[in-house]
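In the part that follows, the structures are each spelled out as structure tokens.
You will see chain A twice below: alongside chain B first, and alongside chain C after that.
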Partner chain A sequence: MRKEDTVKLISAEGFEFIIDRKAALVSNTLKNMLTSSGSFTETELGEVRFPEISTPILEKVCQYFYWSLQFASGKETEFHIEPEITLELMMAANYLHT
Partner chain B sequence: MAHILDQKIRSFKLKIPEFKKMSKTDSDRSWEVLEDAISQILTLNVKYLSFEQIYRTVYSMVLYRCGEVVYRGFVNMMARHLQRIATTLEAVPGSLFLEELNRRWTSYIQSLQIIEDIFFHVDRTYFRPVAKTSTFLMGMNFWKQHLITTPEVRGRLLPALLDLVLRERMGEEKVQGLMSKIIKMLEDLGLYVYDDIFEKPLLDATAAVYRFQSKMAPHELGDCAEYLSMAERTLSEEIKRERVAMCVESRSGPKVTAAVTTEMICNYMLKLVDMVMPDLVLMLVGDKYDDLARTYAFFQFVPGGVAIVCTAMYTHLRATGKYLVADPERLENHVNFVQRLIDQQDKYDKVIRLSVKNDITFQNALSAAMETFVNSSKWAAESISLYMDDKLRKAADLKQVNTTDVEILDKVMMLIPYLHDKDVLKKNYRTNLAKRLLSGGAVSHKMESILISKLKAEFGYPYTSKLERMLTDMETSDDIMEGFTSNLLSGHDSVKESNFSVSVLTSASWPTQPMQICNLPSEILSLQHEFETHYYSAHSGRRLTWLPNIRSAELKANFGFGKEHELHVSTYQTCILMLFNTKDCLTYEEIQQTTGIRCHDLTRELHSLACVKGKNVLRKEPISKDIGKADVFMFNDGFSSKLYKIKIWNVGAQKLMETKRKYTRERVQFDRRPQIEAAIVRVMKSRQILDHKNLVTQVTEHLKSSFVANPPEIKKGIEALIGKEFLERDKDETQSYRYVA
Partner chain C sequence: MGGACSRKRHQQDNDGDEGQGSTLKRGITLQWKAKYGKVHNHGAGIGEHPSLLQLSIKDICQSIHIYDSMAILPRDLSQQILNELIAHRLLSQSTFRLFSDCSLQDIILESYPGMEDSWMEVVGTQQESLLELDISDSSVTDGGLQCLELCQNLQSLRLDYCDQISDVGLRFLTTGFLNLTSLSFCNSLSITAIGMRHLTGLINLKSLNLERCPKIHGGLIHVRDLTKLESLNIGWCNCIKNSDLRPLSGLTNLRDLQISRSKVNDSGIASLKDLEKLQSLSMEGCPVSSACMDTISGLTSLTSLNIRSCCISDAGCRKLGGLLKLRALNMGYSSITDAGMICLEGLTNLENLNLDSCKIADEGIKHLRGLTNLQHLDLSDTEVGNDALNFLSGLKKLVSLNLSFTSVSDSGLQKLSTLTSLKLLNLDSRHVTDSGLVTLTNLTELTHLDLFGARISDFGTTSLRHLKKLQTLELCSGGITDEGIKNLKYLTNLTSLNVSQNCHLTDKSLHYISGMTKLVSLNIANSGISNAGLQHLRPLKNLTSLALQSCKVSLAAVEELQSTSPNLCVVHLDQ
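Up next is the complex of A and B:
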């Protein structure tokens, strides 16, 4: 996995999730961030921090990204969400515009 | 993902934590962060900013119901920023004004894009639903509000732009890029901006420039054609300019083009029209198709312009026609006349094709003009038939069919539809064809058949079938002759020597010839008998009638002093001359009695034998120009001529033509009457009741293919039919007629 194809998402606790750029672009917010014309730090380094999103949530989000890429290619599968994390997940989703 | 979660939540009842509200201080602090970030962005200095942080700030502000703070703060901030820019711009000197403006604009656009990205969330959740606007729109509005519409900036922007346009028109290259950028800016700001600020003054300025140019031009140029070519050039330049320099969404393009044309042509129309008339004539005479095309293209822009060009052209055509016809000398020379008709037709065809792009109005006008033109001469039909005759005779001399000849025939065919007296033409053509075939000269069968097929297309099969039969008759005659000569009894070697030939014609196909009697000399009589025997043995049930007034013979004559000449004479003349084999002296009466030839014809033949200089093989007493009944004729022993072969046959033919023409015409008129009556009956049979006016129209329609019937003639026909009880006047309405079965 080359450096240019990946993005690093860092959770509140400091966990680093390295995912494909294509996966990250599922989120509109991330897309704007990464493709913005201004040279923000994010675009320079290719990593984004989320001090308000906790690790399990962020993990789930990354799983969602990959799931949605699969889903887009036609294979229908179910995305399982534990009920306890639903609310926080939703707030994160709203934030990320996913 | 949100929609999935949404479903999940509905199925669960969760404990939702207390909704936090943001305090004023918190929101103020957040806004300060944002303000700082935005100002950095506006100077395009974003390297050390964290997108995520800013985004989160905006997000939380909106989430905690502080979106309005963002909104108001944003508006104020931008206003301040742009006002600062406006003041800096004013300080800029004139020549650099536009460049500076352009620079600021580009950087502004860039920063606006970044702001858009940051404000993505607030845009979606607050700006659009609540404030009913978007970041982008706001950005544009700010720019417009604070910069462009301020009187100071605007006051400088406009003249600077117009100045640019002027310079570009004069040919400066470098300004194009700047100009297009500024214009694009105005466009991006919204339609009204562009239209109000720039387009109107631009159009005014353009109009002014060209008005001036067009006023100056004629004094310099003087010629309509030149003026128009200059106009064309300018127009194409302007169009190019629009496309390249302004890269306008072709909204302005047509407007500017229209402005140019208005100035150069429309406002100038009246003067141009006066100029156009004589110049058009020049163009037509000189075959200047390009100039004509240009005139046409330009006058299309002017309402009613095309009609003016059209009328001008056709007045000229009619005038030429009148001039041609008024010259009686020209008229006599039929070939010349028709040639000129064809030339005119050709020329105008080309004009229509090349210059006017086959415009229908022009084509119609051409047909109308050609019709008047062609029928302007009384003898038009005769002329055309004579022309064709001439061409066919010439073509017969060539061994092969010449394609140019075929083309010429095509062109003549094109004239025929215009003719009013088509039936005259038909009759004349048939007579001419008969003459051609029987004259014994060379006939190009191929050319004849080509022309006949063309005539078939025009007149239909019944007419041309006769002509075709005439041609086949000639061929059949050749076959019969072959059979005849091969079957002859050996005792008639003299026949083979004398080269006797007969053409057998089917009487129905050939133009009717009056029956002539002629007592042929005994030598010919015996041949005649032989032929008849042969023919009747081959074809029983047919009857041959001999027509001696048509063909010719070649006689070897021995004159005094051992002079021998070959005389090419008609059959009548042969009879007359052979009489002198036995007798030396004969009176007119004697000749007439012996030969049995009609007085009228006899006079003519004797005239050509005795009175024509250089061909007087007979001497006449008293010596005079005319033939009298008491004249005495003697064989002219002292006859001499430089040529061995002498043609006496067709000397009198020219005189015949004029009388023949009149005769044919009268016959045609005579023939027309039954045709008119037949047409009337046909119309009435289908309509049963018809009023006078309609009847006349219908009958004219029916007869259109043959000739143009005139109303008095039709009226005569109607009267005649009423007399014959085919029609009756309607009892109720005096103007209507009723068909009587």
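Up next is the complex of A and C:
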């Protein structure tokens, strides 16, 4: 996979998630950061830091990105969320406009 | 994360709507709140997938009992969770406690089961954040209102139908509350002039709704200085007399005044003469005479006037002629005759005209010829006949027309064929038969057609096949058989169908109806359907109401149907 087809999302603890660019674009916030013609450093590096999102939450967010791509292509499954993380996940979803 | 919310808010969407008298806005909307499990698509549109935010909110609502508090969330998120819990009736006293100190802006608990004083403590913890509160139809008492002490930023407060709130409760609104612009306590049975004394401090009030308060006589004196008031509703307060209107004479910003069914007569109406900004006045059923029209004719800003059931004669009606801005006029059950109808000729801005049960005939309708902006016309129960329809055929903007219980018959109906914008047509009359319907087949925009008492047989239903946009249909002549229903099966947009009183209908009819999957309401009472026929209704997943009186149907069979039709909650049976 070519580097420009992927993006790197970095959690509060510094854990790096490398995911498909098209998966990341599910988030409107990321879409704005990654496709902006302005001078966001994120646009150039393909790398976004989330100092307020913990690793397990960011992992769940990434899972959602891929789930939503599958859903859009016709594979309609349930997306399971563990109750312990729902509040935090909701805040992340709100921030990511997802 | 989360971000701060602006303290400003959008204009209340219940403002405005000018041009429609208050009575036109009234009405009851029945809602069936869906429970989770029956809602598909997680609230997202068809073909769209739910957002992670929607999924999270749904999951939180379903397992709300595992949380200790929502206060860690940004307030816009806790607000969304609360709204969702309320919408799905999942909120209880204990789960509402999770929202203490959440800085919520809106708490809308109208008619919410279980809402009482202990909930008000949670409401009070929102303090200055709270902008809108609706606890209508609850058992909250005067004591509960005390909890609002620290909610001084409230903009809108609704306490309709709260039987336990009295003059004592209004006391808590005296100090502060300078942001309150909208206050409503409809149907408050024990509020009197003594309690209304506390309203004097609400100097920014724009809207006050006291509809159906039976004991407020003498209280409006305390409203006298609330000069920002734009909307006042004292309709159906039968304690209101002329003296109550006198304090209103200085409220020159009033735009909307509702005094229907009060005891105000001509001299009371005279107190309104300086209300130059008044746009909407409803005085339905007030004991006035034509003399009050001298005052009303001076209110030239009026766009909506309701004088239904007032004894206004032709002489009084003539004074309407100068109200050139009128867009809605309700003169139903008034004393106007053909001779008085000439006053309407110049009111070319009229969009909505109601002449229900007036003594008018074809000669009077002639004066409506030039009212080309008319969209809604009600001629029900008048002496109007076929000749009148000649004068209506040029009213191309007509959207709804009521000709029920008139003398209009088949030979006149063809003149309606030019009115291709018509969406609602009421022909509930024994003079209408199959041959009249044939001439209406090009009215393809029709969504609502009432042929309740029209003498329609199976042959007539073939004409209805062309009206593919029909959403509601009433067809209760008694002459329809299964063959007639077969012709209706193409009307798949129907949401409401009434084919009761047709005793020849059998289970076969239900088979034809089974394809109308949008049906919400079906009335097939007084027919020959039986238990076996009910199986055909299983595909009707949207069906909520079913009328089966005088049918050979058992309770057990209905219950079996309900077990597979999740939304079916209103079933009418005999016994």
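The rule we apply is simple: the second predicted complex is superposed on the first by the 98 of 98 C-alpha atoms of A that agree within 3 Å, B and C clash if a C-alpha of one lies under 4 Å from a C-alpha of the other, contacts with A are read in each partner's own complex, and residues count from 1 in each chain.
The working rule: a contact is a pair of C-beta atoms (placed from the backbone, for glycine too) under 8 Å apart; a residue touches a chain by one contact, two chains touch by 3 or more.
Here the structure is a predicted model, which means the values were calculated and not measured.
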### Query
Where does A:I81 make contact in the superposed view: on chain B (first), on chain C (second), on both, or on neither?
both
### Query
In the superposed arrangement, does A:V48 touch chain B (first), chain C (second), both or neither?
first
### Query
Of the two partner chains, chain B (first) and chain C (second), which one does A:N32 touch, if any: first, second, both, or neither?
first
### Query
Is it chain B or chain C that touches the larger share of residues in chain A?
B
### Message
For A:M90 in the superposed arrangement: first (chain B), second (chain C), both or neither?
### Response
both
### Task
State whether A:Y66 touches chain B only (first), chain C only (second), both chains, or neither.
neither
### Query
Once the two structures are fitted together, what part of chain A is touched by chain B and by chain C alike?
52, 61, 64, 68, 79, 81, 83, 86-87, 89-90, 93-95, 98
### Message
Show me the residue ranges of chain C that touch chain A in the complex, using the header's touch definition.
### Response
1-2, 49, 51-53, 55-57, 59-60, 63, 66-67, 72-74, 76-77
### Task
Quick one: which bits of chain A touch chain C in the complex? Just the residue numbers, please.
52, 61, 64, 68, 71-72, 76, 79, 81, 83, 86-87, 89-96, 98
## Note on the structure
So, in the complex, the side of chain A touching chain B is made of residues 28-29, 32-33, 36-44, 48-52, 61, 64, 68, 79, 81, 83, 86-87, 89-90, 93-95, 97-98
### Task
Flag every residue of chain B that touches chain A in the complex, lowest number first.
1-2, 4-6, 8-9, 12, 14, 16, 41, 44, 46-52, 55-56, 59, 110-111, 113-114, 117, 120-121, 124
